[in-house]
Amino acid sequence: MISFASDYIAGAHPQVLKRLVQTNLEPLPGYGEDPWCVSAKDKIRAACGCPQAQVELLTGGTQTNQIVISTLLREHEGVVAAKTGHISGHEAGAIEYTGHKVLELPQRDGKLEAEEVDRYLRSFYADENREHMVFPGMVYISHPTEYGTLYGKRELEALSQVCRTHEIPLYLDGARLGYGLMSRAAELTLEDIAALCDVFYIGGTKVGALCGEAVVFPRGGRPAHFTNAMKKRGALLAKGRLLGVQFDALFTDGLYFQLSRHAIDMAEGLKAVLHEKGVEFYLESPTNQQFVILDDRKAEALKSQVAFSFWEKYGPDRTVVRFCTSWSTTAEDLELLRSVL
Amino acid sequence: MISFASDYIAGAHPQVLKRLVQTNLEPLPGYGEDPWCVSAKDKIRAACGCPQAQVELLTGGTQTNQIVISTLLREHEGVVAAKTGHISGHEAGAIEYTGHKVLELPQRDGKLEAEEVDRYLRSFYADENREHMVFPGMVYISHPTEYGTLYGKRELEALSQVCRTHEIPLYLDGARLGYGLMSRAAELTLEDIAALCDVFYIGGTKVGALCGEAVVFPRGGRPAHFTNAMKKRGALLAKGRLLGVQFDALFTDGLYFQLSRHAIDMAEGLKAVLHEKGVEFYLESPTNQQFVILDDRKAEALKSQVAFSFWEKYGPDRTVVRFCTSWSTTAEDLELLRSVL
Amino acid sequence: MISFASDYIAGAHPQVLKRLVQTNLEPLPGYGEDPWCVSAKDKIRAACGCPQAQVELLTGGTQTNQIVISTLLREHEGVVAAKTGHISGHEAGAIEYTGHKVLELPQRDGKLEAEEVDRYLRSFYADENREHMVFPGMVYISHPTEYGTLYGKRELEALSQVCRTHEIPLYLDGARLGYGLMSRAAELTLEDIAALCDVFYIGGTKVGALCGEAVVFPRGGRPAHFTNAMKKRGALLAKGRLLGVQFDALFTDGLYFQLSRHAIDMAEGLKAVLHEKGVEFYLESPTNQQFVILDDRKAEALKSQVAFSFWEKYGPDRTVVRFCTSWSTTAEDLELLRSVL
Amino acid sequence: MISFASDYIAGAHPQVLKRLVQTNLEPLPGYGEDPWCVSAKDKIRAACGCPQAQVELLTGGTQTNQIVISTLLREHEGVVAAKTGHISGHEAGAIEYTGHKVLELPQRDGKLEAEEVDRYLRSFYADENREHMVFPGMVYISHPTEYGTLYGKRELEALSQVCRTHEIPLYLDGARLGYGLMSRAAELTLEDIAALCDVFYIGGTKVGALCGEAVVFPRGGRPAHFTNAMKKRGALLAKGRLLGVQFDALFTDGLYFQLSRHAIDMAEGLKAVLHEKGVEFYLESPTNQQFVILDDRKAEALKSQVAFSFWEKYGPDRTVVRFCTSWSTTAEDLELLRSVL
């Protein structure tokens, strides 16, 4: 069966796996102190154009959000996010588990708007009872968003400006960052993101790795004792090499960008097939996730031939479903989809 | 340079890695719902002789301890452990991070004694002020212990009996379980452990996998919404296959036991070399970790040729250091060690 | 200066204080095991018409919300509340501090609507990804609400029905419960509330006591080891008598209801004065809190003669402010207000 | 029945209660911003000889320990305490509930020894794996200790020196501070304590108040947003005046010291009675708590006439019990005890 169910249906990009095989028997120190971690971090710094950046390698997205947010926030602070942000609704309360509130704001196409954030922050600081409230201590965005949409350059600049004015960090969740950077509609480069955000992560799990996310603090500011914080949250791998080798491979010869571009090419092909077959779009995105509306009967019938994923009910008889491409999607997959739609 | 620094110096056992390569492009569902996870769990159930067991796959040891302990304990409970237990001193407070106390008891060779635990529990329940205290809600042991020692069959039976009398679960941390099972001094089989403990984990990270620990609830009793609990703690891998494929490989054709036996054979060889060279033992264990005492000068000199690990200072001029073998240790490593000691 | 700043501007009702003085030197056991606590709980059970009710005495409102919610919720659950609920915005993240999310829903006049809650719960259970989300494990409402408004009988019945259908408890925050019960618009009696809610608290701090809130589980179901949970959160008073004596006094000869009725009489007088003086209402409530809109200049001038409290900005030059009455408000206070408005 | 069960058997010292009555109807701002809180803090600063001190008023001892410790510790730190420290065993895990470990050290007569602490800290910093461990971030002592014993001046100076050398704060739990200061064996004044500790609290609950503890940061350093931290933990009283008025009364005309001296006089009388009657001491302390060993039969018989408290079993047929005096103990109480022993 072909699958467009998610962007984590396959293992690692073959190039990444090959490097795991090649380095497998090297005796290396544990806990991220091996040379592959060092080298991966160097290459990431270079790709971001930030020689001074601090880089940390973690295993998964929710884990990364949890650690970054809970270590950067101070005792009295929460994190501002879109109502549809991944941390707001789809991480099982991982942020609240660390004792911090997610301060949810309205969104548009999955995005936070700088004006909305600014209004919220101003109103918070105008409130005389604010000592009884959760202080907004960080702004969280995802890029691409949970709907596959992208921030434009001006939009991110405006958010960055608001955060700087109010002196709180801007954190970008890049679980699918590669697909955002390689989108045909992309306005933002990795360097732009490094310049405009205070911390962000480069997603590996959904972009070519078996697992792994690289957190970047482009101008420093990593919380002290970060290793301890990772350990305390069960996030420190004994074999840190698993992350180091993979990110080293992904950032060698531009592999991360190439495989992301492939996923985008496949997404454009996917959209063409869906349009050709007259499928109604709920949200057509410039990245690797496409949201369409299917009759429940149609969806049911299709299920036996193509894997896709449930998004939400859309009236009594229809459902929004998601089709994803990834680095592992092939032209044959698209052909097969065309033949069964 | 040769390394006896730890049992996580190499990647995965070649057989495990091969299976990751073979299955790499299969499109599979995420979050542990793939057939390899199902198959791995079946094989683990079979190996434990527990067809009814519930099995969960996690990524690392501290993470596993944190999730198992914090989901099994009730609000008012803490976990009883040896002062030298991994959760007591070497997990950066991961248990306390979840709001629960580690109730530390004295140990002997890294082991908790049933009598000591019983005395503690009786004394707790005799205390009229116990509602102001942390209730002992679970007993945690490691096998092999942090010192490489093993529980005898009678010892584990006695602990199990104490726990049943007081109606609290017995949890066994098996980060190095394979090395305990294959030790020449082993009295306990996997079936014994499954019969005597209420929950335990079979360590993968230190026994042939890149990462991964398999939690076993031999007679059921897994906390409800365990997936949610994993997600909430950042422990749910999108590509659960990474764990499923590895454990499936480890429990195919007895690989887990074979590679463990190899590590034990190497450990016996290591002990012979150390004795031959007149190295003083701090603790000679029946498993893969050996603790010896080196003059600081000797240790310093040796460092450039052999990797080992610091354990603790031993008077002003000497240090306890640890030498480990693992599935990846070779006879050549031992020869090289002999030549430089 | 006269004060309408809040309903906690004075100490205890003289009758309550008198009882503290009378009982002061009695040697009593600590931690809530004294006869006054026993007697207070009996009287509260009687007032609620619930001879089987479990009653617990706590010190303040946020503390009460924190303990009730965090002990009743299970690991994977959060609490559903109105966006304007006290726990949502004005308790400094006390619920999240315990690791649980507040699931915020839209409100109308500070109230949750049964239909809205039902829709939310149905949609949650229809979501195939719900294991990655925070489960709704309780519904929180306040009565009177933060805006002084009241649930009608049908409204509470409908909410109660929704909760029972979905098998989650309905919790009512009664910080100002007396003022709700004695409102001239009241449709709900204490017995009704006990019949329709699974747990609620009768506010003392704002209704005649120096401090103290009485949590009622009308049909039992108090979490086990509640005393331990209180202690663990720093909420167990050594001199529990402080709460027992006060609640005993409040529930002797209907004092709680009498003093509440007085506050309502004063509130009606307050509304008359405000109307008479042409002050614009933002929200005219049937209880003891009135929200009016003042020009900033007017507000500034008034401040030196009357205390009231800031609520929120209302356009560039105006502000919503709150005037409260309580058991301690006097007819003279109203006269003085009339003279300076 | 006469009671020596604890030092919280009575309400407030009559002088304290009188002030509550006198100020009861004053309309005052809430949340600790009233003039009585201001005045109480001024008087405490004066009594400590620390005009720059920051003072905060809280409700109970466990609450105070929880807030002070959890706001002063950083993410990666725990608190060092004696195995018998109140936070170690008798606060239901309140510190761990905030995510921090209590690092328990051996004690002598309930006291931590400077050398022991120093050895522990040095050994911690010598450990190469310390990033995987809980950092010692504070030293907690109680004075008087849980056994009624006192630190001598040299002992506290030595502890203070160790803390300064290692740059971690020294925190003194003064739940019964008055009884320590007025002990006939006292070597330490309030000024000494303020000079040698970084933060401490002056206990009110057990020393004349209905409730209340005053935290003193003698040279500043109170964590930012302390009010928010209190609110978040359910510890901020709406009627902060309850604490302000009481501490103002306690620190007016030396009442706190006078009533403490009275308790000490009664304790000396108590010891004389116990000796006279040939009761065996388990620990005879210089403060208000005395620990004696009773035959179980004797204890059982005595119970109907005198209240005292269970401490621990002492062999099969005997029990250690505690007799306490307090500001409310009278000479008649002692006479009655003599007559029934």
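As written, the chain order gives the labels A, B, C and D, with residue 1 at the start of each chain.
Note that in this section contacts are C-beta pairs under 8 Å (C-beta built on N, C-alpha and C of every residue); 3 or more make two chains touch, one makes a residue touch a chain.
Keep in mind it's a predicted model, so treat the numbers as computed, not measured.
Among the pairs C-D and B-D, the greater number of C-beta contacts is found at C-D. The chain with its C-alpha centre at the largest distance from the centre of subunit B is C.
We define each chain's centre as the mean of its Cα atoms; on that basis subunit A and subunit D are separated by 50 Å. Separating the CA-averaged centres of subunit C and subunit D is a span of 33 Å. Separating the centre of subunit B from that of subunit D, both taken as means of CA atoms, is a distance of 41 Å. Across the assembly, subunit C contributes 76, 91-93, 97, 99, 131-132, 228, 231-232, 236 as residues in contact with two or more other chains.
Chain contact summary for the complex, subunit B toward subunit D: residues 76, 78, 89-93, 96-102, 104, 123, 126-129, 131-134, 310, 312-313. The part of subunit B that touches subunit C in the complex is made up of residues 71, 74-76, 99, 131-132, 135, 223-225, 227-229, 231-232, 236. Residue ranges of subunit C in contact with subunit D, taken from their complex: 1-3, 5-6, 8-12, 14, 17, 20-21, 23-30, 59-67, 91-94, 97, 205-206, 210-211, 228, 231-239, 241-242, 307, 328.
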